[in-house]
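The chains carry the letters A, B, C and D, assigned in the order they are written, with residues numbered from 1 in each.
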């Protein structure tokens, strides 16, 4: 349940709501920004909406999935901007996040980071913990991968985006990541979302491979309701009948996500398309569509990659792409 | 079956192949450009591949759907350019095709055409024959609609793109249309494709709403095999589980269609997205992705439209969009 | 538009409605059964609903796709039964329709028909005109195939179900077919549906490969609105992301089609599943689900089939399947 | 990686493989049944396949997702039978698993259990921990719900199937559940699968809502590779474009899952179809298709249900359904 308070509600009124919720067996999480509200998570019994609604300062009680939400633009006219070490996502620029699918070795990750940083790119991606379909596939370097990402961060002044694949690895990932990625397979993992929502770190939330746009919003809502408002939505392709691409990049879904929420939205054309030859054109499309960023897989030697080689572009291609992305972003946004 | 001849095959050798095919009960359609070949359509019995292969000048016999095709870039390195009255699609520019979903009245169509032409747009779309899901819905003005399109064509020097919904209306449509549109619902209508393939008019072939990219190529192949090489592919959104948009615009599929065939490829973001607020951003994305054109629904009063109102943009929005499209196209193509 | 008359409307009142519709430029098709109504097809301009509504005997004017329809159970409590030469589909039994995908040769078709008839099966399927994805693939024997089907019909007392792939072949097919099949690719071919609706022959309407259940109903509505009430719906698998089967058999969609319309519904597990080993189990499922029939591809030598060999069962498998189908149908229907 | 040993490999040879794997930084999990093998989970670096392959007793090293697997029938001709307190799933009978979507109150759960047990049903389902799309929706009674399930188990001699929604609740659920359910949203939650794989409790693994059949097998493989062979696969409907049903029941996928693995396969028509009126027919279809069981949502008052009311059948409907299920199962299996 979400108990929305009037904008002029006092601290005491919020506290009174929390006290009643606790008395009724709920776990209240008060929020004062962007608007006073009390989210009640992990609800095990329906709360008496009418009784709560009679308390002073309460505007409305929302208890179903189709109602307006914390992520919606209705409740917050200004857009969310995620800021990390002097750089931002969502403030009007085009954030380019680049790096390999997985951190594989010191040499691979440093070579890639050097090429990425040389283009003036500020954000580096790379997975240390990789959820894989097969139990027998390479699952990432784990803690050792995190150490390599720390080295990348300090040597090249790059902000790190890396995935937490479960609650167990979340703490370690949160120490190193500037932005914690929640992957597609975990978009419905509400326990992980609640845990990440209690951290003080921005989260990049990938859309589930068959999640509707509204379900994606609901998963973001878990993060906001738990107290973390620094959320970036990432479209990475949905599953359809088409097999010529790995997934189907749903740019229109991403456009509407930006239209209907106040959160920054980026696209990952590499995972969406899965065919390196089509990644640059798809990335340019995302930039022209007004999204806040793109995430590009770059690998110094795609054929030797331990995962997702066919969709990674080589550093030389990436250099040219960055230039074109900036040109297209400027043309589309009218600068 | 497609009988591919050697590039140095003589006219006599092609004729000999045709004679044998006829003798075997087939209907040969010889082609000299881009490469000598004999397509055998409407095949009712398997032809003896070996016997044909022994004739002079024959390079190979292709008799299944997975083999290389006339539409593929392998057989034709240069790209197809469709030219109509001094304008072209596929020559490097961005063709903007605009107009209402359906021709509804003289006033509606002239007002829209005037607004479109005032932006310097050269291509006009509008349906006179409309295939509709319900037998009780508005099916288009028919012949009267074609007369209005003729008026638009001559008054505003606009090239007309309009749909032929069946073999019966193909002749009348072909008299007025500069480009005959084959709609999504007819992409698998092979009898209509064969008839359109025998006309001397460019064809804009919309992708079926659940057609794979390869099936789309196969439908284009029907047109080329029947003798019509002036084919434009049009991506208009595919059917997926997502309902926040009308269809899912598959830009990556369109990018690959341009990569793997020599045909021009355009996108129809209006039908794909179905939500007017998201159409401009989706159109800009298509322009940045390197496609050869975009098709935009414009209506002077979308709320009064007899079909597809929610996805039509108003003329004022369209004017600004055209400017941005040109800017983004220039930035993306490096001009 | 569909103009529904009151149940006590007189012939004169229906005639008056038709006269007004004609005067307004429409093409009225009066119907007295199951309820007096006037369908107006091929509508080119919106008719004035209010003016028509004021005529005597008019109950309501329906002019959009979401309204109740002729196919719905609301308008017709009793179920439609299709009867051909002493056999019926929709009267409570389980109709088994069997035969090869395509008629390939006299020997193939007679051998299969003999095996089918020996099991007591009364309905034979086999395509003479085959719509194929590739223009170079085998397209059926055409007229010669129809002659072979006539021979099957008279020698084995089998009722023939065969496809009309376009308006051009409809006449010839209608001479031989006891039930005209409209294939998946043609479910949206409204011109073909209107032509078939004017014939006096039962139609088996396959669901389009990505048609919603409601669109399937709308296509059936075209047949009924044109005057042909002898319609059988056939579920043949829908297109989804899954590739282990050829299509995804949507039995629940078929169950609801039977629940919400008065038309008989059959399933074609062969095309749906596309893997012979799974066809018998899927056919038994359809029988237990209460459908009115199943359509099974049988081929004397599946590996030599010119189309769809991998999904055809051999005659020996078919014999055992027929027995199990009858047992399961009896158990499920409580006989 | 999966290191498959020769069938005559000795214990010492298996131990030697484990020692080498450990030395190389891997975490070996030896298995002697059904065939000697060493699974290496959580792999962070590729192991040297050739070096391992030279050890005595090693038959082959499998390190990608497309290779044969522990779940496949190739490695294990006999079918897996899951046995709990004298009842079994997978031994040829039809297991009926029934109960409410969520445990809501003592009265609700006891009334339902009484009705279910009265039909001779031996398996009870009901969720205490419910993953929900919205953070504001009812999330289940948690521990209190588990207590009520214990009471159901002892009072009515019912075996309990209930969901573990995360690693944190797995221990508590495992104390009460006779079969631990892993829900659709968690099919890709590999950390949860690995944890469940290390427990000594049967697991019912629901197919992800957009998981391919092969991905479903891979998730089951995580359980087997971790040491838990008591796995039941549950088809619960996949996500498609169709909206008339909640999901699309993929019975053919379930049939092939039973054909290609040695695991028992059951269907959950309630979640798949989502429309109570169609649940009985869909359940009968699953029984006729040869599946090992069906899972049916029963609620004493569906309109008052806190989750998924529209798909729950009432006890009176359920009683009649159980009888028909038994009749159809007998007819289909030839008893």
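The rule is simple: a residue touches a chain if its C-beta (ideal position, glycine included) is under 8 Å from a C-beta of that chain, and two chains touch if they have at least 3 such contacts.
Quick caveat, the model's predicted, so the values are computed rather than measured.
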Touching subunit A and subunit B alike are C, D
Greatest centre-to-centre gap (Cα means) from subunit A is with chain C
Chain centres from averaged Cα atoms put subunit C and subunit D apart, in whole Å, by 38
Per the C-alpha centroid definition, the whole-Å distance linking subunit B and subunit D comes out as 48
Chain-centre distance (mean CA atoms) for subunit A and subunit D, in whole Å, is 31
Among subunit D residues, those touching two or more other chains are 210, 239-241, 243
Counting only contacts in the complex, subunit C reaches subunit A at residues 210, 239-241, 243
The residues of subunit D that touch subunit C in their complex are 210, 212-214, 238, 240-245, 248-253, 255-256, 259, 269, 272-273, 275, 277-278, 281-282, 284-290, 324, 327-328, 330-332, 334
Given the complex, residues on subunit B that touch subunit C span 1-2, 39-46, 62-65, 67, 131-142, 144, 165-168, 185-186, 188-192, 194, 209-210, 215, 218, 221-222, 225-226, 239, 306
